[in-house]
Amino acid sequence: MSTLMDQVNPELLRTYAFWSVILVLKMLLMSLFTTLTRFRKMAFINPEDVKSISPKLKPKFDDPDVERVRRAHRNDLENILPFFVVAFLYLLTNPNPWLATQLIRAGAIGRIIHSLVYAVVPVPQPARLFSFGITLLVTAFMIVQCIVYFK
Amino acid sequence: MSTLMDQVNPELLRTYAFWSVILVLKMLLMSLFTTLTRFRKMAFINPEDVKSISPKLKPKFDDPDVERVRRAHRNDLENILPFFVVAFLYLLTNPNPWLATQLIRAGAIGRIIHSLVYAVVPVPQPARLFSFGITLLVTAFMIVQCIVYFK
Amino acid sequence: MSTLMDQVNPELLRTYAFWSVILVLKMLLMSLFTTLTRFRKMAFINPEDVKSISPKLKPKFDDPDVERVRRAHRNDLENILPFFVVAFLYLLTNPNPWLATQLIRAGAIGRIIHSLVYAVVPVPQPARLFSFGITLLVTAFMIVQCIVYFK
């Protein structure tokens, strides 16, 4: 580990750490946004939640706005969490610091835009496709670099 | 990396590692609990599962008990997995060891209680809200510390 | 951290990094496979997606093939992401290098087989159960080793 770990550029690790916590913050906001949307549409699932709000309310499973936020959030789990792993391993491959910084930034900003155009203000395609594609391409590039380096 | 990584308190890393594996164990138990609940309620989704159990059984998608466990499990993915990332990065910010230990413990125990009151023995609100809030606050605090340190 | 981090076998870290990126690649392919299946079955959920493809198309939420791929993908989130965390922490426990290499490989290959028999070519049980069980057992073994080491 010494050989691999010690060669990581400290400035790059800071960049990685900064954008990673920004992305975790973004994911937490999705949780809160789901709850907010549930209140706005009065669409709760768990009987104990429904009961604690109003005795007349009924559970509601298929509110389109709530389900949209939940799909955006699930898409985060599918894409951001693997990005954390790959970007960290990519740092161990001794990448060009300038390039690595741009990639980490682009990958993170792609996901922020993705949430905005998916869940906050639904925008016609291909806005979501493009923002999704940015992070996907960054991740794919990092995967290739890692496979070449670690194989 | 040397500068950042080398300053991590070894005792803190042990605490982080211990509670992280406890949380992974807790998440695995959610998988097993889902399967157990599927058997108890005879509610399977995949045709090949249904078929391997009884030729007369039909797929069942909406059993309330199974879906409750699955929601609790998904909530773990949304909260525990980002917690692993933030808590690790937080260790690199040279935090007060006593405070960091308490935060990691509180964050982990919050999630264990959350699963118990959500999936195992459904308890009226605000039990779930409170346990959810503990880990959320810990995570939010760590995020702020990390942003200040890595910006 | 020095004491724990520095003792990690560099060759083991390479093995971990290699199989981790292979698993992330596998997870990305699940995303693409979901999209592919949505096109094959013309089963889209978001109104803006439906609209951008054909004005006559209607959203479709319950296509069995799409839902099967999504269940397989969610199963990846539940199992592969925690595996990344535990396997990394396990490397810090100073494990036998040969054993650790076999475990990481087996855990990764188990998940690749799981996706193939679940989502790509549905195979009768117990194919999925066995492949699921391989990675589960590897993860459980690593958890026990970590708890003993870090407690």
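Note that the chains take the letters A, B and C in the order they are written out, and that residue 1 is the start of every chain.
Keep this in mind: a contact is a pair of C-beta atoms (placed from the backbone, for glycine too) under 8 Å apart; a residue touches a chain by one contact, two chains touch by 3 or more.
No experiment lies behind these values; they were computed from the predicted model shown.
Asker: Same or different for chain A and chain C, where same means more than half of the interface numbers show up on both copies?
Answerer: Both copies, chain A as well as chain C, present different residues to each other, with under half of the numbers appearing on both sides.
Asker: Could you say what rotation angle superposes chain A on its sequence twin chain B, using C-alpha positions and rounding to the nearest 5°?
Answerer: The best-fit rotation has an angle of 120 degrees.
Asker: Roughly how many whole angstrom separate the Cα centroids of chain A and chain C?
Answerer: Whole-Å distance between the two chain centres: 17.
Asker: At least two other chains touched by the same residue of chain A: list those residues.
Answerer: 5, 74, 77, 81
Asker: Can you tell me which positions in chain B touch chain A when the two form their complex?
Answerer: 1-5, 68, 71, 74, 77-79, 81-82, 85-86, 89, 92, 122-126, 128, 136, 139-140, 142-143, 146-147, 150-151
Asker: Over in the complex, which chain B residues touch chain C? Could you list them?
Answerer: 5-10, 13-15, 17-18, 20-22, 24-25, 27-28, 30-31, 45-46, 48-49, 51-52, 73-74, 77, 81, 84, 91
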